[in-house]
Amino acid sequence: MIAINTKDKKIKIGLEIHLQLSTGKLFCKCPDMNNSGIKGKFSRKLFPTENESGDVDVAALQEERKNVIYEYEVSDNSCLVEADEEPPHEINADALDTALQIAFSFNSEVLNAVSVMRKVVVDGSNTSGFQRTAVVSTGGYVTVNEKKVGLTTICIEEDSARRVESGNDHTVFSLDRLGIPLVEISTAPDIETFQEAVDVAREIGMRAMLTGNIRRDSDAIRQDVNFSMGYGRVEIKGISKLSLISEALIAEENRQKFLSEAIGIFLERGGFDGTVLIDYTEKIAKSESKIIQKGIAAGNRIFAGKLENLGGILKSGNYRIGKELADALKLFSIGGFIHSDELPGYGITQDEVNEIKKFLKSRENDAIILISIPESKKDIAQDAINKRVEKLLSLDFSETRAANEDGTSRFLRPISGSGRMYPETDIPTIKIKNSRMVELNSAAPKSFDQALSSFTDEWEISRQEAEIILATGRKKEFIELAKLWGKPREMSRMILQSIPEIERKYRKKLEYGDLKTLVEKIATKNYGRISLEMAIDQCISGKSIEEVVISDDIRPLDRNELKIIVERIRKSGDIRKENIIAKVKNETNRPVDPKIVMEIYQNS
Amino acid sequence: MIAINTKDKKIKIGLEIHLQLSTGKLFCKCPDMNNSGIKGKFSRKLFPTENESGDVDVAALQEERKNVIYEYEVSDNSCLVEADEEPPHEINADALDTALQIAFSFNSEVLNAVSVMRKVVVDGSNTSGFQRTAVVSTGGYVTVNEKKVGLTTICIEEDSARRVESGNDHTVFSLDRLGIPLVEISTAPDIETFQEAVDVAREIGMRAMLTGNIRRDSDAIRQDVNFSMGYGRVEIKGISKLSLISEALIAEENRQKFLSEAIGIFLERGGFDGTVLIDYTEKIAKSESKIIQKGIAAGNRIFAGKLENLGGILKSGNYRIGKELADALKLFSIGGFIHSDELPGYGITQDEVNEIKKFLKSRENDAIILISIPESKKDIAQDAINKRVEKLLSLDFSETRAANEDGTSRFLRPISGSGRMYPETDIPTIKIKNSRMVELNSAAPKSFDQALSSFTDEWEISRQEAEIILATGRKKEFIELAKLWGKPREMSRMILQSIPEIERKYRKKLEYGDLKTLVEKIATKNYGRISLEMAIDQCISGKSIEEVVISDDIRPLDRNELKIIVERIRKSGDIRKENIIAKVKNETNRPVDPKIVMEIYQNS
Amino acid sequence: MDFARGTKLTIKYNGNVMEVTYISRDEDYLTVKLQNGYNITIPENKIDVLKSSEPQTVKKKRITLKHGNGTPISLITTGGTIVSAIDYETGAVHPSTDIRRIIDRYPYMEEKYTIAVREFDNILSENMQPEMWIKLAGVVKEELGKSHGVVVSHGTDTMSYTASALAFMFESLTGPVIMVGSQRSSDRPSSDSFGNMEGAMAFSSTNVGEICISMHSGTSDNSISLHRGTRTRKMHSTRRDAFRTVSGKPIAEFKNKNVDFLSEYKEKSDKISLSDKIEEAVSMVYFHPGLSGQDLEKLSEGKRAIIIMGTGLGHISQSLFPSVRKIMSMGTKVVMTTQCMAGRVNLNVYSTGRELKKIGVVSAGNMLPEVALTKAMYLLGNYPDEDFESMMNMNMRGEIMEREFLGDCY
Amino acid sequence: MDFARGTKLTIKYNGNVMEVTYISRDEDYLTVKLQNGYNITIPENKIDVLKSSEPQTVKKKRITLKHGNGTPISLITTGGTIVSAIDYETGAVHPSTDIRRIIDRYPYMEEKYTIAVREFDNILSENMQPEMWIKLAGVVKEELGKSHGVVVSHGTDTMSYTASALAFMFESLTGPVIMVGSQRSSDRPSSDSFGNMEGAMAFSSTNVGEICISMHSGTSDNSISLHRGTRTRKMHSTRRDAFRTVSGKPIAEFKNKNVDFLSEYKEKSDKISLSDKIEEAVSMVYFHPGLSGQDLEKLSEGKRAIIIMGTGLGHISQSLFPSVRKIMSMGTKVVMTTQCMAGRVNLNVYSTGRELKKIGVVSAGNMLPEVALTKAMYLLGNYPDEDFESMMNMNMRGEIMEREFLGDCY
């Protein structure tokens, strides 16, 4: 192994934080929540189109080669707009306001006019073939550990359709997520350590939460990471947890490091003239390898190919060029290949390996591969491998990768060019009035601490409770419930303790809408906290709200009822100030107001 | 048995002959032929309506009590008109012309204006709830065995929907037959013997056939018979074969004779106060009778009832009052009952019978019945039995009955009153021009013999062949084919002999449309009779017309081809004028023109 | 020879003596009914009348409506096919107010509802004029004061116009107002009026607080749909299932004597609020190739507003723009709808739309053109001019659907 | 600050120096494209332009159409969404004649067809006037002389008007004439234009001898329907499956590169016959409550015929009868159609209809109102007045369906 010509290996990291808003969808009146199953299905093809300067975008073209039919499941929170059967409506004013408020809170320069763009995306995740997106502000910063990390832009955009199923010849999406507003906050590549990346992401997320309009779904916040260490910019998309950010960065650093080393070896050996796939089916038809036999049975041909100078670095120690090639093939729905670093193996004997090597005139440092695909895919596979090797050889690793759940990532597509963008002509430029700007700016939380203090002051709840409510984005819900209930402290305790306990008991969640109805109805009846808790319990246990609310069980005992009970207890003997409450509670399952009991006890 | 007060027992018979026309439907553009399966289904309810004088018709009301949902199968020869989703179109001019022609041919007085009426029919056989019908002429006569039998009216009307399935709670009809034009020819009750009835029906049918517009389907001609022998007029509907007319009349005469005798006995015994059905379920629950047990298992109740003075005449010798009662119950989907004339039986023991008799305080001449029905049908059943007995007691047997396939008949409904009729308001009165009248009159066949003579003269075919063609309603087809083919005699032989032979061979019918195409194409090619027969054979055997017509097999050998064959035979030896044709035919499967062969033989 | 309808005659025709009933005369032809029920039409000069006797008075069997303890429903009759009868003079069907014979079909209804019949008018619905909407609204208000709900029998031709007009006039209702019609007249055994009325009665005893239409869901007699008055069109001239909720689901379905709700609706309120002014000077214009600016201007003369049924997303030929400008400069409002059966008008997508928007044409969203008409008539009658555009764009009575779904009827 | 579109600028905005591309100006706002592709719109007074350089000419990659041995098809372009492009000046979509980029999507089509593109015009279809139908008919005739079939790309707004007008003008055709449009412009990856055009090409190489319309069958991209020009309406303003054969089945379906015929059609003939006169003075009137006799009379001035869209079976208010009589006495033909989406006009059923019939109003059967319009324009242009009624009632080009079926689209 020799060291290749190294550049300055300074690490640069930028983040793009995407936050889903709970304001309803961006360009139609659909809610952001989906309540029921699949309402129907339809299928579409997508064709890349030319942008305004006549270029077809590279990323778009690559997707086209996949030539897939996309299927869409219609959700109950989608309408003709999501189906691309109707032009977008006016932009959702609440969503735009939220984006602007976030921009103000990061001191980003808000634009007076918002121009909506179409960003071409032909992987099927947008029925239109593009994502609608608009810059709402430029510049700004976030301060973490006393360092200012710059922001480049804050955008508002539509979320894409949720991928439900990826088969060989079809991909299925649900329309439930399509069109939910996303605020995208992009930082400059000012971040220098992995921990700093995590801290910046957390700070941005927490601050945005203060608007109260961030969704609380599991994938409501997603991070993209831009990483470079000298081999070009790699964009890792779709990291759903904060904790995975540093894992993903570590994995990527290692990948590039070992990849560059392996390429160094490869280059030293003399590089590569391109592989030619040769039909080897007849020659290997008698092999006992299951992979080979299954392939033949399925009508595939078995192709053999020589990869010059790639022997021993496809999969050996830390070197994994094989995986790079496999990822490239996967884009064309080619499941993978067998290479000589893994052989003998997969039921292929050493003799068979030797024979192939001989057949292909393979030299010592060369690798050989076997690939089982239909005849029609031969050229695609050959091309994909050669293009990928060529790209690696350039030592420009820049590309877009998708995050895996385990912290690693996989090749997705080349970095998209600016050619992907053209104006959304169905939506006129949105001018923002100065008065609106001023109002939003003043409402924008300038720091989490400041917001926390004013929230604690206003609602008179503990700082700890307030912090949890704000950081988990439940500000809006809390305010609504507290106003209905009248006693904010009781309500915060209810939200943060009682309800989660009941939910754990039944392993079932209470819908927010149901909770709100219950609180409203119980409050109207002037019943107390215990009644409410009982009602919540019954509701989670499966009873209907109507039933629960009129049931006698939750009605507190009135003074007369309590008097009778107290009398009964008194007659039965031992009764003291200390045990009277417990004794009364023992006599009934219904809510009891201790104050009244005590009054009765003392006045009698 | 005593003789009851007898009236004059003179038999009077009238006929209504219904003939389907092959002109396409009467009030829309649908063809009268159905070509494929069920295109859809729908269901309807029907409600009797008041006629113009405010009375609801008796027959209509009776049907209503059945309270059935009617299902309709949509055929490919039906449109929105049959579905009662569109008003009727103008009357089919061809159909009306045919009806007028028939009227003229029977010297019936044709009306100058046709007023279409709605005849209420709520048994589901008409989606509209009425049948459209119009008188086209009044009076006229038909002469049979030198006796003039008068006609009352000739009408044109829509055929009803075809009953496909009659279940307990639903009845299914096909729309294929609905709306096919029917000509109805009604005779006066001038017919005095059963044979005369058959002769008159035959003569009317044959004469109508001469128009060439009568359908050739199995149920294209249906007869209704009106019969009276002093107990009121009984109408027996839907006799589909000539031969069944006399059987039906014999059966009806016997029915009325024995029924009147049985009623005589009944009356002498003192008649009837009405039965009361009593729930007997618990008392008979332990019986081993399957009928009883099945009924109980199905949730029925077992009712018992006493029929005063009907013992021994419900089913005994020729007396069958039991069947009359069962028929009345069937209208309400009540399957039947068990009566004492059949008991012990059906697994019911003598002891059980005795117990029931005791329970009901049954006297010697009384009958008892058991009936297994749901509780809800009790009143209906009781009412139906009592009403039927009442009607029989009046010795007025007048009613409408339906012909069974075996010559017997069953109760259908009371005779319909004139209240069933009211004007079809969607069709303006149709005025018929005098010129059209004159033309149709002169074209109308005045007798079968006269038509036969002129047909024989015009087409120069044998009288026997002509008679078959005319009597089977194939005049129009013959004329069309004969004109196409040019040689009428060959064509009549083809229709009456060759084609039926081939059809028998393959047990398959040739569609008329296909035959016509074949004749036209073979005639155009100037091929002969043998070619045509071969083509028909191939077509029936399953080849497509296109294939058959261009095939070399059916092309007659031309002079040159024949010369070669004759030469070859000559060389092989024995060849004479007597055997040359046979020898040539032996050499080929293709058609051979003997005349050309003979010419070649003689000229060489 | 002139007789009263129903006169019994003994005539000699074609040599035969017949007993007939006189029906009518048309020029030289007489129509008489034979004893077997058939009418025949014969030339006068071929008949000898031997005897005539005065017509007997027709006995009508009638059951009067029971007034029991059922839900009180008012039935307002306006005419239309649902209560039509035969006109023996012209041979055509004419309106009648006798609706009891429909209700008599379902004896159970008399137990369930206590029905008060109020005769409003007796006209063919094509003759319904805006001024009658106002009168009808007054009667509806009166009847709702006495009953749980109101059923209005109405001819189908303009039923959806009346329904949407009433919908705008009533801001809130204390009970359901269900309009009902039929496509087959009730003199026929197969009439849909029985089922439609059965459904209407059931709907009128719910807690709906809207003006709705009750008609057959399909060709079968097994289901009746409840449609929102502001989203419904008569879509077929003859079929039972002619009425459809355009771009949406019906509010409810009546099946097996049971009401099932299929979509959201406004519940009845505890007070009734009626604004009953209507500006009649509003017209509809159907744009088509060949329509000239002059045509447009002539139709707009004296109008407070015109509703254009444009093509597609709401377009008209550019050659009409000067006329549109001129019309607007005279103070006439111009509202754009689409002649497409369904879908939204959107003046942002094409340059034609953007220009129209700039001129000041009001976009009707996905309001049905007929509904845009009644809404404009209502707005101009009850609100100041300057609120016209914003109120046209506001969803007041469910007339604008903010969301359209794949799979819904259009 | 005015620059040519595409000028590269170095600007200082909000303290940052940026490289941008100048796009457009709207009053005091400039729209520029950032390097990441976004356009931003910023007030002119907030920008300092540091540098500007001339726009580079845009390189267009183009593949020219091969002229092989495939079926010869003529493609006539008239504009419309199917060939629309973005207008960066107004920000809206405008027509373009560049249709090759659609065909380029399906390389196999270049083998199968030899396509000759002929630019007829480049307009939005709402601007199509009757006089242009005549010109277009001439071009169609010319092109059919050279090709097996003709495809006409057309805006969807008035496509069915043009289709039915052409259908009447051509009594016989030597090949299919397939009109095609799209509901999503072809600059979008999701455009339906690609599929619709693929279908149109396939249909244009069959033996159909009619003017038809080729559009999406449903919302999915898997099936294209062929509709008869005289039975088709645009039924939705935005959906892909907006075009429907009203009251019938489409003629054919294109699925998996295969044409399946679903109903009967007229085969191509060996001669072409064109009668290309069109009477423009025909108008449509949408009847509605509140329409006055005066309105009707004004619209009829100078018209040779008016097409009334009446209610239901073909009714209008009786108060309009005097005006109808007056209009007819001036020699103007009055044709009655129905504003119901489908179904037949029948003037026999109700008294209103019978009276209109007596006045002499021509019933259009189940002809679509728009088709009755083009038919009237055609008849008055080419035939004597006295044949008008009988020819209106005659089914000339499949415009009158003698049979309607349950289950077919209405």
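Letters are used for the chains, namely A, B, C and D, taken in the order the chains are written, and counting of residues starts over at 1 for each.
The rule we apply is simple: contacts are C-beta pairs under 8 Å (C-beta built on N, C-alpha and C of every residue); 3 or more make two chains touch, one makes a residue touch a chain.
Predicted model, so just to flag it, every value in this text is computed and none were measured.
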item	value
Best-connected chain pair, where connection means C-beta pairs in contact	C-D
Separation of subunit C from subunit D, taking each centre as the mean of its C-alpha atoms, in whole Å	32
Geometric centre distance via CA averages, subunit C-subunit B, whole Å	44
Length of the line joining the C-alpha centres of subunit A and subunit B, rounded to whole Å	73
For subunit D, residues contacting two or more additional chains	87, 92-93, 219, 238-239, 313, 343-344, 346, 348-349, 406
Multi-partner residues of subunit A (each touching 2 or more other chains)	42, 80, 83, 85-87, 425, 428
Graph class of chain-chain contacts, one of line, ring, star, complete, other	other
Partner subunit C, residues of subunit D touching it in the complex	87, 90, 92-94, 124-130, 133, 156-158, 161-162, 165, 219, 233-239, 242, 280, 282-291, 295, 298-299, 301, 309-319, 338, 340-346, 348-354, 369-370, 373, 377, 406, 410
List of subunit C residues in touch with subunit A within their complex	313, 343-344, 346, 348-349, 402-407
Subunit A - residues contacting subunit C, complex	28-30, 39-40, 42, 74, 79-80, 83, 85-87, 89, 425-428
Of all residues in subunit A, those that touch subunit D in their complex	42-50, 52-56, 60, 69, 80, 83-87, 109, 111-115, 117-120, 122, 127-130, 133-135, 138-139, 153, 155, 417-423, 425, 428-429
For the subunit D and subunit A complex, residues of the former touching the latter	6, 13-16, 26, 29, 31, 33-43, 58-61, 86-88, 91-93, 101, 105, 184, 186-191, 194-195, 218-222, 238-240
